[in-house]
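Two complexes follow with chain A in common, the first pairing it with chain B and the second with chain C.
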Partner chain A sequence: MPGADKNTDLSERIEAFLADLKRGGTGAGPLRGSAETARETTALLRRITAQARWSSAGDLMEIIRKEGRRMTAAQPSETTVGNMVRRVLKIIREEYARSRGSSEETDQQESLHKLLTSGGLSEENFRQHFPTLKANVIEAINELLTELEGTTYNIAMQALEHIHSNEVIMTIGRSRTVEDFLKDAARKRKFHVIVAECAPFCQGHKMATSLSQAEIETTVIPDAAIFAVMSRVNKVIIGTQTVLANGGLRAVNGTHTLALAAKHHSTPLIVCAPMFKLSPQVPYFPFSPSHSYEQRSVTHSLWWVRREILSKVNVYCPVFDYVPPELITLFISNIGGNAPSYIYRLMSELYHPEDHEL
Partner chain B sequence: EDAPAAVAPSSGPASERGKQSRSGGGRKGADDQEEEEQPLQAVLIADSFNRRFFPITKDQPRALLPLGNVAMIDYTLEFLTSTGVQETFVFCCWMSHKIKEHLLKSKWCRPTSPNTVHIITSDLYRSLGDVLRDVDAKNLVRYDFVLVYGDVVSNIDVTQALQEHKHRRKVEKNISVMTMVFKESSPGHKSRCEEDDIIVAMDTKSQRVLHYQKTQGLKKLQFPMNIFHNGSEDFEIRHDLLDCHISICSPQVAELFTDNFDYQTRNDFVRGMLVNEEILGNQIHMHVTKDGYGARVSNLLMYDSVSSDLIRRWVYPLTPEANFTDREGPPCTHSRHNVYRGPGVSLGHGSQMVENVLIGCGTSIGADCHISNSVIGSNCNIGDNVTLDCAYVWNHVTISKNVTISQSVVCDRVEIREGVRLNKQCVLAYNVLIGPNVSLPDGTVVSMHHPDEEEEEDDDEFLSDGDADASQSKEKNKQKGFNPAEVGVEGKGFVWKTSSLDDTEDEELSQCLWGLVLNPDPESDSEASEPDDPDDPVIPSPEMDDVKVFELEVLGTLQRGLEENIGCDNLVVEVNSLKYAYNITLREVMQMLTRVVLEFPFQQQQGVQLSAAQYATVLLPLIERWAPLFKNYVKKAQDHLDCLSAFEEHFLEQEKHWPAMIKVLMSMYQLEILEEELIMRWFSQGATTDKGRQLRKNQGLQKFIKWLEEAEDESSEDE
Partner chain C sequence: QDEGGLVEYFRTQMGKDPDMASAVAAIRTLLEFLKRDQGETLFGLRESLTSATDCLTGVDSSVAVSSAGELFLRFISLTSLEHQDLSQCKKVMEERGELFLQKISMSRAKVAKLCHTFIKDGAKILTHSYSRVVLRVLEKAAAEKKRFSVYVTESQPDAAGEQMAAALRKLDVPVTVVLDAAVGAVVEKVDLVIVGAEGVVESGGIINKIGTYQMAVCSKAHNKLFYVVAESFKFVRLYPLNQQDVPDKFKYKADTLRSSQSLSEEHPVIDYTPPSLITLLFTDLGVLTPSAVSDELIKLYL
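What follows is the complex of A and B.
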């Protein structure tokens, strides 16, 4: 039966993707970087849309939610997966609304008045069957994929507006988005980049090598020197792992220090973050460890400690910092620059409020 | 019965997946593509073939024992799958049905699993060697495969090692048969199992293993010199390696095990390969990884350290909250100080989970408990005021109030009554009941099985190293009742051994379980070190018999005698004492002595070819010097003949030196070591082989004999 074949093929792919996610989505595993994770997720969701058995938008959303929950559980620190699931859910809602002839705008607008008067949006059950829905949804997901392909480029395009000649730029660790951003600016302008190495994994070293290959004047500094060097810096440009709903960041460890130093010296802090990193999560305290860090093996030095000593030593290696929104000057996303205070608005445009919890 | 159970998905998707995951640029040509697409196979041995975990493994095979609340075999399978293994053969022997049941239920046997698991069971497997011979007989592996035990916990990415292995095999066809994976780790690190401590000599450039030896607590290690003679100039002797027990093998390995039916373990294999390298032409290589984690849970001490490493997240991404086995229900949560809580855990008022604690689902903990560095399984019931430190409590355990447990293992369904105290390294096997108000001394092992039961099963179940212990315990627990003094008034269970008893045998079991350093006994010490005498150019074979050792000793004595100018009388004393030490007959002493002396010039000028004349010039003074030594042993007629036959044997091998032979014989005659009459007799006795006849036809010898005859005639005329 061809249908069964299709189904096993699909579930096989889902399992493989889940396994890849579990093996460390952030650089260590087979999936490299969140851009690729986002693309992979979206492609998989498109496949689910095309191959799974569903008759109405409600069914499809249920299937995608279920798989989405599994995917986010597989790698809680990789928020991109959840974000993409929400984007696709939003697409389905829009396409369904369009098929029914009502504009999605009416659904979207949520005023206090409307919340109080209406019985709730969820009465909409998405049960109506539309033969064209599948094609439309796939078409819309394809558009999303095209958007994802272009994010890094779109961000890099804006580089010349922000980087001027003879400026001193500071960055931390390695972010592909920032790397492309700086390289793009380097085509026209001469400037100096200072890279904080970001111990213990020292991704900054890689970043510096790559930048200097693009003939950008680059200096690597230890993390401890960030504050000392900050007075000479004109701008801080960093990447992030996630942009939280309040406009804060979950970024590589050391970013908070960097942001505080920048604030002290009133140096503008610019965050390059594609839209798919925008997550409806809000920070909660204490920042739960499984969200703030995932420990990789820190084998470098402490592995050599002898038995008697090591049994009394706990090694903690947080991977992420929370950076509060008041320390951030500007977000540069693929759709332009935004202040942190505007993030909530972008959030409501990208995701449907009912999808915040998968 | 062999039952390849499970679920081969149709070959289509499998090969497609192969392409996907191998990321290979396999579009170069038909040949290349074929190589790229070789699916990676693995042989997983879900049996340890020893009894290190014994009273525990009586009820559950080792591969299924929980480590961080997940069966050990799942870690191994996850490791294999994440390195890209697509087909795994799991070999089970002891309690194979349980392993099979577990695997069939697990995610590895689902049709969507990227790693197809075949389960092969047989009660006939007695060792790793048996399994690999079966692999060969059934022709299961076609390509390079990964060989691991079912108790290896690792997150090492062996892809690089695999590529190196394949590259080596491409460059030199079928020379390298195995690549062993090691992790850098300082001596004394807690993930290093002390009884598994190894020392490896390697060729730096080619990563070839030249010498592999378990140190076994030896203070003095010796290496055969010949390993440093061939190959490149750079060598490393490394003691900073942890053997991960992961090896990448070529299909030849299985064949080699079939050819050498005496190989039982991987250790035998490696040593066999290294010793017979020149004959078989196979080499073994190694791969050293700096990051990653890999360790084998070979005893309870390792169980302790691997568990604690797991909880301290050294094995990331295999962490307790990752739920890589896809268990139903929500995974456990991870909070500060490495505290993991499963769903439905309840914690009483005032209870503290200090650090590094993992608690499985549905467990309830009473008030005022103090828990640190411990793992608690699912559905346990823990009372008030309980202190757990380094405790490994498995599933469905009931612990009443005021209990203290430190560094102990408590198996499934154990009940511990009020006021019990478990001191270090106690083991409570399945279903035991302890208490109330007893204190178990260090190293107590309690099991529901009577130690005697084991006796009967011993012969057919296992080839064990612990047989001796078992018999010891017999007298102690003759009465088939529970001893309330040991396990408490309500207690159920038999105490196996208590290390506090003044019984050396007892200590051994506890050490077996926990794997403390066994003090190497002096015999094994000397045996292990002496064969590797650095002056000895001969490759010592693994099983060296006493005669051979004796010969080497005699050689050493003579060399020393020469260097330090020791008188012949003292040498005689030394040789005599060696004779008794190795229980050598007088006749053998004679033969050895002759042979050693005759070969002596070769030993001195290693590697240099001696001409017959040179040989003679070196040897003659020596014979003169040691003549008293010979005279001491060569007394009776038979002695002379023995000496001569050894002499003949030597020269049969050294055809080139026949011209020197006559000089040697002559000098021995002149020094009155050999008597003419007996030389004549030896000559006339005739030879048994062609070569011997040839030797006798040698002109020089014939002349010498003639001369002897004439001399005899003359002397008789004189009289």
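What follows is the complex of A and C.
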């Protein structure tokens, strides 16, 4: 029966995606960039909307929330998955409100104003059925996909405003967004880039190779030299894994050091982050080790240590750092430049408060 | 006209439930006043409500009562825009007023639900004076089986800190009372600081019991997290730039304002903490950064 085939096909794809996510985390599978993850998640959600069986917006939101929870549980550190789920949930809410013809789509946030003027404990349960809802939601998701495809280009387009000739830029590790940003500026300006290698996986080396292939003068420095070199740097431009709700970052290990060194020398710290990295999470215990979620195995890089010593040694290798918002000067995203204190506003536009907790 | 009766009602409300915020009692009193009001025009209604609020601030000069009064006045204006006929308008106002009261009596529970997850197991918390919202948050954390210990300042001149310590001991939370002067010395031992607020100003700063500013400066110097818990009806349209900008009518108790000869010889009971020293604000509208507070106020008043 065609219905059953569609269902099994859909669940197969979801399972394949979940397995891929899990593998990507342990470093065994192909390491995908977050842009790809975002695109694939959104494409999967569009498929769920098209193929799953639902009659009202409430049902669809329940299905998406359930799948979203499974996806975030598969790989908790990949926050883009959860962010895309929340974007799609907001899309569904907006399309539903538009179908109902109500003008209160903008007023969905809790606010003092709403507290004072609401006439009753309105429980919006999204139960009404609209035949055009499916098509509208799918079209909106397609728009979201187009937006996702254009993000790196939109960010790179702003490069010329921020990078001037003969400047010394510092960055850390490897970020595809920053790579494209710098390469775009290099078309018209001559500047120098210093890359901190970001031990122990030394992603900075790949970044430096790629930048020098684009004819940019690049220097690689060890992480310990960051502070020493900082006095000669004009700007620090970094990427990040997640932008948190308070304007802070969860970025690759070593970024906090870089940010503190930049603050000490009053060097501007610019973060290039597309909007899909913005997450409604607020860091609970920002500076405690448990916050970095995962640690990676580094025994392969300690090959030079004698075996009998290695078994007695505890190696601590967190993957992410928390960078507080006070150390950041500017966020450059596909919608323009913003101060960290403005992040809460961008978040309220992207996600609905009830979706913060999937 | 009925000032005595109003004050009586307010005092009874406060006495009936000592756990209720003074702003909630003020709104309840104003709602009662609205029900009893015999005026024929909207303008007259607003005038009598303004004088009623003044009367209440004469009893309890805290920022919270004043902000509650302004909020209620705003509530009246917004509702009256929708209905032209005054008697129908009044009926709608009474219904919505009851609903509003219901909602804000749940605010503290919402705040506690948001904030208790930020207290980790084994945390050492510093707090100031007696705040019912902070107490609620700590109750919730204790109920979730989290182990934590609390340092609370004595908070003179009324030793309210002792009241807080007694309440915490009932919850089996290890608590130490410290001198107000000992804050600087104690801050290095704690993991985070949680305080309540009597008022949250437009810039995202807070007005709270005297000694809060000191605590905030010390915690900034030691890079400690400084959290504020407050319900949303405490948001007030003030924008002080320093301590001097806070109006005298809030700084001193109502009796002191009436009876004293020269205010410069009196001790202020509140101070202003600027937003740069605050990490996060927990309100029933969500977890806010100080910059988000003015957004909320604009949404209401404009």
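In the analysis below, the second predicted complex is superposed on the first by the 319 of 358 C-alpha atoms of A that agree within 3 Å, B and C clash if a C-alpha of one lies under 4 Å from a C-alpha of the other, contacts with A are read in each partner's own complex, and residues count from 1 in each chain.
Everything that follows uses one rule, which is that contacts are C-beta pairs under 8 Å (C-beta built on N, C-alpha and C of every residue); 3 or more make two chains touch, one makes a residue touch a chain.
These numbers were taken from a predicted model, which means no experiment stands behind them.
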In the overlay, answer first, second, both or neither for which of chain B and chain C A:142 touches.
neither
Check the contacts made with chain A and report whether chain B or chain C touches more of its residues.
B
Would you sort A:231 into first (chain B), second (chain C), both or neither based on which partner it touches?
neither
Between chain B and chain C, whom does A:247 touch in the aligned arrangement: first, second, both, or neither?
second
So in the superposed three-chain picture, is A:132 touching just chain B, just chain C, both, or none of them (first/second/both/neither)?
neither
So, does A:315 touch the first partner chain B, the second partner chain C, both, or neither?
first
Could you look at A:209 and tell me whether it touches chain B, chain C, both or neither (first, second, both, neither)?
neither
Touching chain B and also chain C: which chain A residues?
286, 288
If you look only at chain A, which of its residues touch chain B in the complex?
8-9, 11-12, 14-16, 19, 22-24, 28-30, 73, 286, 288-290, 294-297, 299, 303-307, 310-311, 314-315
In the complex with chain A, residue positions of chain C that touch it
71, 74-75, 78-79, 95-96, 99-100, 103-104, 117-118, 120, 225, 232-233, 235, 279-280, 284-292, 295-297, 299-300
Quick check on the complex: what are the chain A residues that touch chain C?
110-113, 115-121, 245-247, 282, 284-286, 288, 325, 341-345, 353
Which residues of chain B touch chain A in the complex?
9, 13, 17, 20-21, 81-82, 110-114, 155, 184-186, 188-190, 290-293, 305, 308, 312-317, 319, 321-324, 331, 333-338, 355-356
